[in-house]
Amino acid sequence: MFNYLVQRIGTIVPTLFFVSILIFGLQQLLPGDPALIMAGEDRDENVIRYLREKFHLDEPLPMRYLYWLGGVLQGDLGESLRIQQPVTDLILQKLPVTLQLAAMAMVIALIIGITAGIVSAVLKDTAWDYAANIIALWGLSTPNFWLGIMLILFFSVWLGWLPASGYVSPFEDLKANLASMIMPAFVLGNAIAAVLMRHTRSAMLQVLNADYVRTARAKGLVERVVILKHALRNALIPIITLGALEFGTLLSGAVLTEQVFTIPGFGKLIVDAVFNRDYAVVQGVVLFTATAYITLNLLADLAYFLVNPRLRG
Amino acid sequence: MKLKSVTRSLGLAFAMAAGLASASQAQTLRIGLAEDPDVLDPTLARTFVGRIVFAGLCDKLFDIDEKLNIVPQLATGHEWGSDNKSLTLKLRQGVTFHDGETFDAEAVKFNIERHKTMAGSNRRTELTQVTSIDVVDPYTVKLNLSAPFSPLLSFLTDRSGMMVSPKAAKEAGERFGSKPVCSGPFKFVERIAQDRIVLEKHPGYWNAKDIHFERIVYLPIVDATVRLANLKSGQLDFIERMAASDVPGLRSDNRFKLAKITEIGYQGITINIGKSDLAKGNPLGKDVKVREAFELSLDRQGIVQVVMEGEAQPGNQWVAPDNSFYAKNVPIPKRDVNKAKQLLKEAGVTNPSFTLMTPTTSDAQKIAQVVQAMAKEAGFDVKIQSTEFASSLALADKGQFEAYVLAWSGRPDPDGNVQQFYTCKAPNNYAGYCTEEMDKLITESRTELDPKKRVAIYEKIAALAAKEKPVVYLYHRHWLWAHTTKLSGLRAVPDGMVRVQGLKFN
Amino acid sequence: MTAIPAAPAAVPEELSPGQRALRRLIRRKGAMVGLVLVIAFVAMAILAPWIAPYDPLATSWTAIRKAPSDMYLLGTDELGRDVLSRVIWGARASLLAGVVSVCISLAIGVPIGMAAGYLGRWPDALISRITDAMLACPFLILAIAFAAFLGPSLTNAMIAIGVTATPIFIRLTRAQVLSVKVEDYVEAARAVGNSHLRIAFRHILPNIVAPLLVQATLAIAAAVIAEASLSFLGLGQQPPAPSWGSMLNTAKNYIDHAPWMAIWPGLSIFLLVLSFNLLGDGLRDALDPRHR
């Protein structure tokens, strides 16, 4: 097991290296000249020249990569071309926002997904099975930006119950914060719910037919207790680890959800940065989230290993 | 019975809380912006939306009114030198910066020099003619010019005229934009990128009697539908750049008011007539008759109707037809498909085809589609090439396009809408238009100070430009603002800025 | 997780595994509904020139944003074009976006995944690290970056989505190859002296088709949504050509007074994606006896 651990950790560095090359290359090779965009409408040649120098835009690609990498290894992710703030500052500002959104979305996804999965597995092939399927699949099938706009129209404009957009820090006003996050969290969580439902269902089905469950049934326990106690406990492990892995999907979904609801998190930051050719921001944020994702993966693997005695040794 | 009294007292408590909340709310003005501003440093800033924030944060030497006249703000008067090669400004007394420093002639000198010399300054081209600044006395400053320069005053009504605290600027250096210190009605509190910019009242403001809020919060919300939703649900008091399609719906809602005014910029199609070899490769770039035919195939009013729901003024010059500098000798041509077809025949061209580079913004896309349909009737085959805005800029800069749907945000002085576009090798001259005569005329228009004489020069410029048609101007948008009826005192100035002086909750 | 055998099948007949799978598939009602819908959409896309009442590109200045009526069954859009015709023709773009992207992913991903699984050691390590790197970046961000890099068009969006989804198939193929590699018949084939390529094609590939098929079906669903998302940002199919995603993008500005512009393309995306999801789920149930 120790060997396995060492092996796994050993893969992190090369993976991150490739991530850095991938995202750096994708950004720098984008058509369009950031100095031109930065110089604004007036296109002063002095400004363009100054910006090119400041951000090493005229140097060959490998040199620029090394400048950037050097900075990264010292903890400096560069500066946003657009508002001239350090990328690390921006990340620290927006991390709590996206984290809260992701956490709330995960909770909603777990509630919907696990419930639907249980219902679908226990009441297999009945109308409840299909209904649960459709509800969970609905989230995967609707474009999240679309769902977001419809929800805003319904709950903000027509009913006036919830704010249409914006973000309030939970430390400032918890109620307003929850009110502004509930719709985007729902939109995000919806999509993941389907994935969780599927896995819950299959895990439940497997476990429901297992020997020890049949033994419990034979012992005469009430069916419900049997299901919930034994099956769920064992089915939960892969589901939770899957939840951790879905972090990547959450971030992907957050991109458009934050755009529609104007939540100042990572997703919105990245999209705007791509269109503004704000290289440092995209590179820095993607590197950061990739590192987080890989770490989470590792932790999930570890947890899985530790919890499942059959795989140890 | 107990329940009733409990509910009643609860109700009272809520009402009081709500009253308190609305009372404190009444002191905060929440403005919805269409984009997130860039760096909040007047020397480095380059976005339109940033100027809206500056309107609350930084006062400038002069301002403009609804009729585009120049009015005093930090400067109370001006006088041109006898040879027009100097501009003497009288400054307002009793003005303090947000950090308590006094505003005086030394501060003006510092700021103008900062605009001219700071690395990355976007104001340099506006102040090239200023060679030196003399501090005549603490409240009089003299700008020495290399040549007479009529647009100078209008530049001083925008960022080039904004004055920041010299002490704060020296201390912060490059980082000034993260905590700007100016002398406007409100001072900077905090900024969270893409979320909000918060300003609070500057107690020492010289015109404090016109300021009726404690705080302003600027909230960038890019999606126009969501921005409007925020207004309707009460989270915003004011939004700028409402979508034209939302106008009828808002008119019928009597909780809100609509305000509009024609912009000082324009929307048009720039044609590559000499920027690169691509100009020779297509009939539109080669022959002015083909360009004329193209213009004649367009129904500007129709475009305005379909693209902007009527919320724009058709135009054929860089200033709107009701602008005092509009050249009346070059009126808007009426649509004439037959004449267009005839011109094409004369030019010896059948079914001319060209590529229209179109940024992926919704307005540009709509314009391109309408233009494609209209020009088809005269025999043009317009191919729409959708390009991301950032890429389109780079392509235009290299001349890698045949025609380009491009808008210009506009400047109060007509020079700002002409000089960079028609002067040989000017940075915004994507058309590649270059004639000695035009360069001469433009220089004349900038050195002539008498407005009437300038109008005459612009008439010559318009006539000359019409001979080559490097840009087919389409229309001038209406700035569309919507706000709660509780807000009053809004001044609709064509530059699209939200001036906070006089604005108040009823 | 070790496999726990399901209850024995109720019909002990002499059917081939494929036929048995097909029977299981047909029995799952959800999958059948999905299949029928997919066929309906494909038919709609193919027959578009004949069933669409109007030219989807024909603008009409007098019929701008008209509500559904006898003349325009689903109303018109902001340039006076018939929404119904554009929805019908739009099926082509959405189906293409879904299917072609996944084909690209399969074409690139499967061979690479097979190479990684089969060859092992350093080719595997290299491929796995690159795959991990791509999977560590949020999917939509990569797709946006690729699409921005290539330029806004439907073709480029398909390439972008296809390339971004490739690592999923690499990983899946590799995992399948690894598990099949140690099976007896593969070892036997090698003992007999078959070339690697022959083993790959004749022995390994047929046995990994099932999970690939399931993943591909589900990936088509995700790709259709990805195209809609890219269009929302201005990077997918460009106007005037109809695509449900770009129709939604324009419609969002008129949702208050012309909701029909948004309802129908939105509903179409939903139904198409839902049907692929149902079909994929059904395939997974049918093809993997452990999931019955």
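Things worth noting here:
Lettered A, B and C in written order, each chain numbered from 1.
Heads up, the rule we're going with is that a residue touches a chain if its C-beta (ideal position, glycine included) is under 8 Å from a C-beta of that chain, and two chains touch if they have at least 3 such contacts.
Source: prediction; values computed, not measured.
The most central chain, judged by C-alpha centres against the centre of all protein C-alpha atoms, is A.
For the interfaces A-B and B-C, the C-beta contact count is higher for A-B. A centroid comparison over C-alpha atoms places B as the chain most distant from chain C. Our note on geometry: chain A versus chain C, Cα centroid distance of 21 Å, whole angstroms.
The centroid of the Cα atoms in chain A and the matching centroid in chain B are 38 Å apart.
Rounded to a whole number, the gap between the C-alpha centres of chain B and chain C is 45 angstrom. With touch defined as above, residues shared between interfaces to two or more other chains in chain B number as follows: 223, 225, 388, 391.
Of all residues in chain C, those touching 2 or more other chains are 148, 151, 252, 255-256, listed in ascending order.
For chain A, residues touching at least two other chains, in rising order: 30-31, 149, 153, 157, 275. Contact residues of chain B toward chain A in the complex are 36-39, 44-47, 119-122, 124-126, 174-175, 177-178, 192-195, 219-223, 225-226, 229-230, 232-235, 388-391, 393-395, 397, 408-409, 420, 427-428.
Within the complex formed with chain C, the residues of chain A that make contact are 11, 14-19, 22-23, 26-27, 29-31, 130, 133-134, 137-138, 140-146, 149, 153, 157, 194, 198, 202, 205-207, 209-210, 238, 248-249, 251-253, 255-256, 270-271, 274-275, 282, 286, 289-291, 293-294, 310. Residues of chain C touching chain B in their complex: 59, 61, 64, 78-79, 148, 151-153, 234-235, 238-240, 249-250, 252-257.
Of all the residues in chain C, the ones that touch chain A in their complex are 1-2, 4, 6-7, 29-30, 128-130, 132-142, 144-146, 148-149, 151, 221-222, 225, 228-229, 232-233, 245, 248, 252, 255-256, 262, 266, 269-270, 273-274, 277-278, 281, 290-292. The touching residues of chain A, when paired with chain B in their complex, are 30-34, 36-47, 50-51, 54, 80, 82-85, 90, 93, 149, 152-153, 156-157, 160, 163-167, 259-262, 264, 268-269, 272, 275-277.
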